[in-house]
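For reference, the structures are reproduced in the following blocks.
One chain, chain A, appears in both complexes that follow, with chain B as partner in the first and chain C in the second.
After this line comes the complex of A and B, so read on.
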C-alpha cells in the first residue's frame, strides 16, 4: 500500500517537476513569473490529444505537444513579455495573466468546454511487482520526465547556449559584454519552458485520459508552489521539490482524505516562504550570483 | 583607433558625463584618471556599448551605435568591468569558455583557451573550481583572460587593481605592459594615478563628468595643478 502510493506520488511528482522547471526557467533567467505557463501545459495536452485522436503514433503526439507549446511560448514572449521588458516586474506578470485567460478562451472555442476524453487506452498494460502495480503509462510519464530533465540539464550545463543562459541569469551586463544577445537568450528560455510545459500537459492528459481547458489553473498554481519550495533562484530546486510534493500529496489523500489534499502543498509553501525563502536548495543571499 | 566626440551620458536627470572628447590611437595605453564619481566607469561602459549616450563614438573609422555591446565586442572592443564581472555561478573554465562565446573560429578558440591556461597557470590548475572561490587577484586574472579570449583590438580595463594588495597591483601593471607589447591597445581607468601615469602613454584627467587635463602621461604627472588637486591627495600612489 505504501509502496503503491509512492509510485503514484512519483508519477504526479514527475509532472509537477516538469511544470515547475518550466516556471523556474523563465523566473530564474528573467525574474518574471510567466503565469501563461499553466496554459502552455493545458495546450500541450490538447495538441497531444489532437494527434492521438487523429490516430497518429504516440511519439508524434509527444512532439506535437512540445513543439506546439513552444510555439505558443514564443508568441507569449513577443506579445506579452518583450514590449514590457523594462516595465516594473509586476507588469509583464499581469500581461501573462491576461494571456492565460485568453488562451483558455481560445481552447474553449476550438475544442469546447466539455472534457475531451480518450476512448482507447493509449498505452495499455501494467507491470506488477509484488504488491505494487505500475501502469505502462506511469512508466512513460516517469521515463519521459527523466529523459527531458536530462536533456535540459545537458543543454543548460554543457552547451554554449546554456552557458549564455546562465550568464544572463546571473549578470545581464556581463553577459552582454561577452557578446550574448539577451533577446536571443530570452527566447531560448521561453522555448525550453514551453517544451517542458507542453510535455507535462500531454503526459498528465494521457495518464488521466481526460482533459479540459481549465486543467492548467489548479496544477499551474501547484507548480508555482513547487517552484517556491524548491527555490526560485535555482532551477534545479524543482527536481527535489517536485517528487516531494507529488508523494506528499498522494500520501495526504490516502491517509488524510482528499479534503485536506491542498493543505500540505500550500502550507509547505507558506512555511518555506516564512522560514527559508530561498527554498530547499536555494543558496544563501550572499550567493545570489549562483542562480541557475 | 577610437574617437569619442562630445560624449554625454545621463542617468535619469543626473548628467554623469558632460561633453567628453577622447582619442585612443592604435598601440597606445591611454589612462583615464579621476576621483571617485568623476564619470570614468560611465565612459568605459558607454564605449563598451552598455549605455545609451549622446555624441559620437567611432571605432576604426566606423560610427558605433549606443547601447549595443554585443556588436561592439564583435568589432573588437572588450571591457573588463569595475568589480571584475566574474560569473560566480560558473567554474573557472566555464568563465573562460564564455570568453570564446562571440567567436566563430571554435577550433582556434579552444587552442587559445589552452594557451591562456598556460599563460595563467592558476586558471589551468583551478579550472573546475567555482570562480567565486578564487582570490581577488585570481579573479582579476580570470576577468582579463576571459576578455582576451574574445580577441579584442581595444581592451578597456576599469580599475583592475581595485582592492588588490600592492604586490598583486604590480603584477596587474606588468600584465598590462605585457599585453601592450603583444600589440593590444588599452584604455586604463584608474584611481591609482601615479602608477597609472607611469604605465600610460597619454592620459585624461576627469572631474565631475568633464575632462580638465589631457596630454602625454609624463606631462600630466609633472603638471602642478594635477599634482595639487589629485596626486597629492589621499588617492595618489
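After this line comes the complex of A and C, so read on.
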C-alpha cells in the first residue's frame, strides 16, 4: 500500500504544482493573490470536458482549455485587476475573489451543479508493477507537469519576455524606465497563469473523469499553501512543494487519520511561514521582495 | 342644465356607491385574496440542481392549482427563496417569508444543516416549516411543534437497507467512508451505519480507523487505496450523491468493484453513471421509474418541464426531493381547504396554528408513493423502498414502512 500511496501523492502533488505556479506567476510579478485562479482551473476542466464530449482528441482539448482559461484570465486582468492596480493590495485581491464566485455561478448555470462525468477513460491502460498500479492518465499528469514547469522555467529564464517579467518583478518603476512595458508584462503574467491553470484543469479533469463547478475551491487553497511552502521566488519551488504536500496528505490519510489531513497540510504551511517565510527554495530572506 | 347635470351625476354616484357596496360584500372573502405559501430551496451552490428542480416543481403546482380555480376560489402564490444550501441564508429566508411575506407555511429548507438552524426560527415565528430532504436523526424532534420533515429518519431506513444488502451480496465485512463536512453523511457514516452493521453481524473492518473526506474534495485516492487494502465484501459510502460520484469513480479507477450501500443521499440518476458495474443499494421514498398511478402521472407532468428548464440537464428525471416538496405543498393546500384556514391577514396566526395542527394529526394523506402521516417527532410516516442501482437504472427490491406494520400511515 505504501508504494501505491506514493503514486497517489505524486499525482495529487502534480495538480498542486501546476495551480501553485499559476498563483505564483501573478503573485510573483504583481504581489497580488489572484483568487480567481482556482476557477480558471475549474473552467479549464470544463473546456476540456466539452471538447472531449464533442469527440475531439485530447491534445485539442488541452489546447482549447489552455486558450479558454487564458482568455478568461485576460478578462480578469482587464476588469478585476487593472482598474484597481493603484488601490491598496487587498482591493484587487477582493476583486478577484468576487470574480471567482461569479465564475462558479457561470459554470453552474452553463453546465449545472451536478457532477459532469466522462463515461470512458480518455486514455485507457494501466501499468502494473507488483502491487503498484499506475494509469496512463496518471503518467501523463505527472509527465505533463514536469514538462510544463520546465517550459515555464525556460520562458522566464531564457527569453526576452521572461527577462521583462523578472525585471518588473524586481522593480516595476526601474523596469519601465528601462523601456519595459509594465502593462504588457502584467497581461503576460495573467495569460501564462491562465494557461497553466487551464492545463491543470483539463489534465485533472481527465484523470478523475468527474468535475463540478466547485472543484477549484479546496484545491486552490492547497495550491496557495504549496506556493507559500515552495516559495514564490523560484519556479522549481512549486515542483518540490507540490509533491511534498501531496505525499504528506495521502500518507496522513493512510497512516494517520483522514480527519487530521488538513491540519498537517496547513500546519506545515504555518510552520514554513514562521521558520522560513521565503519558502523552501525561496533563497535568502533579503530576496523576499524579488519574485519569479 | 347645470342643475340637471349635477342631479344626474349625483344619481350615478349613488348608484355606483350602492353597486360597489353590493359587489364588495357579494363574493366570498376568498375570491378577493390570495393564499401565500413560502419555500426555501438551494437554487445556487452545490445542490443547485435539486433547488432548481424543486422550483420548477413548485411553479408547476402553482400553475395547476390556479388553472383549476385556486384554493377555495383564492389564487395560490408560492414565494420561493434561494438559500444556496447555506444555513444562515436559510434562516434569513424563513424570517423574511414569515415576517415580510406573511406566508401561511413554508416548504423547506432542503439540507439537515440548514434545517437544524432554521427550525428553531420556525418555532420562534410560529410558522410550519417542513423539510423536503433533511434526514439526519432528531432534527425535527428537537424543534417541535412547528418543525416537520417529509422524510424518514436514516436510522429507520437503515434497519431495512442493511439486512437486504447483507443478504443480496452475502456481505460479512464492510469498510466505511463518509463525508465529514456533511451533517447527515457524518452522522450516518460515523454512528448509524457502524451500529446497524453490528446489529446485523457484519464486521466493520475500519471500525477504529474511520475514513473520511471533506465536501468538495476531488481526490479520494488515498482513502480508496486504504479501503482496497482492507478487502471488504462491501463498502458503505455515506455522502450526498455528488460526492458519492467522486468516491465511486475512484473505486472503479482503482479496481475496487464491490457493492456499495448508503443512505437516501445517494439516490440520483448521476450516481448510476459513475460506475454502472458497481451495485448501489440505498433507500428511497420515490424514484422516477416508480410504478403507481399518482407517481407515474407526476413524472409524466413534471419531467418535460424539468427538461425544458434552463440550467437543468436535458436528461433529468424528477427526484425524490421533487416528489417530497410536491407532497408538502399538496398537504398545505389540503390543510387550507379542510381546516378552515381563512387566509385573511388578521387571522394569520390562527391560520398557521390550524395548519400546524392539521399536519400533526395527519394520517393517510394520499402521497405519490402511498399514504403519508407524521409521527410525534415530526418525521413522515410513509412507505419506502430499498432500491438497487446497477447498469444505469434503479430497481425496487424491498418495500418497507417507517412505522410498525398495520399502522394506517402505511
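What we mean here is this: the second predicted complex is superposed on the first by the 285 of 292 C-alpha atoms of A that agree within 3 Å, B and C clash if a C-alpha of one lies under 4 Å from a C-alpha of the other, contacts with A are read in each partner's own complex, and residues count from 1 in each chain.
Quick note on the criterion: a residue touches a chain if its C-beta (ideal position, glycine included) is under 8 Å from a C-beta of that chain, and two chains touch if they have at least 3 such contacts.
This is a predicted model, so every value here is computed, not measured.
Contact-wise, after the overlay, does A:249 reach chain B, chain C, both or neither (first, second, both, neither)?
After superposing on A, A:249 lies in contact with chain C but is clear of chain B.
Of the two partners chain B and chain C, which one touches more residues belonging to chain A?
C
Considering only touches as defined above, state whether A:166 meets chain B (first), chain C (second), both or neither.
First partner only, chain B.
Please work out whether A:82 is in contact with chain B alone, chain C alone, both, or neither, and reply first, second, both or neither.
Neither partner.
Taking the contacts chain A makes with chain B in one complex and with chain C in the other, which residues are shared?
none
Touching chain C in the complex: which residues of chain A?
Chain A residues touching chain C: 1, 4-5, 8-9, 11-12, 15, 105, 108-109, 112-115, 117, 119, 133, 135, 204, 208-212, 214-215, 217-219, 249-251, 253-254, 257-259, 262.
What does chain B use to touch chain A in their complex?
By the definition above, chain B touches chain A via 48-50, 69-70, 73-74, 78-79, 81, 85, 87-90, 94, 97-99, 101-102, 130, 132, 146, 150.
Which of the residues in chain C come into contact with chain A in the complex?
44-49, 180, 209-214, 216-219, 221-223, 225-226, 229, 242, 245-246, 249-250, 253-255, 268, 270, 273-274, 310-313
Show which residues of chain A lie in contact with chain B when the two form their complex.
Interface residues on chain A, with respect to chain B: 160, 163-164, 166-167, 169-171, 173-174, 176-181, 287, 289-292.
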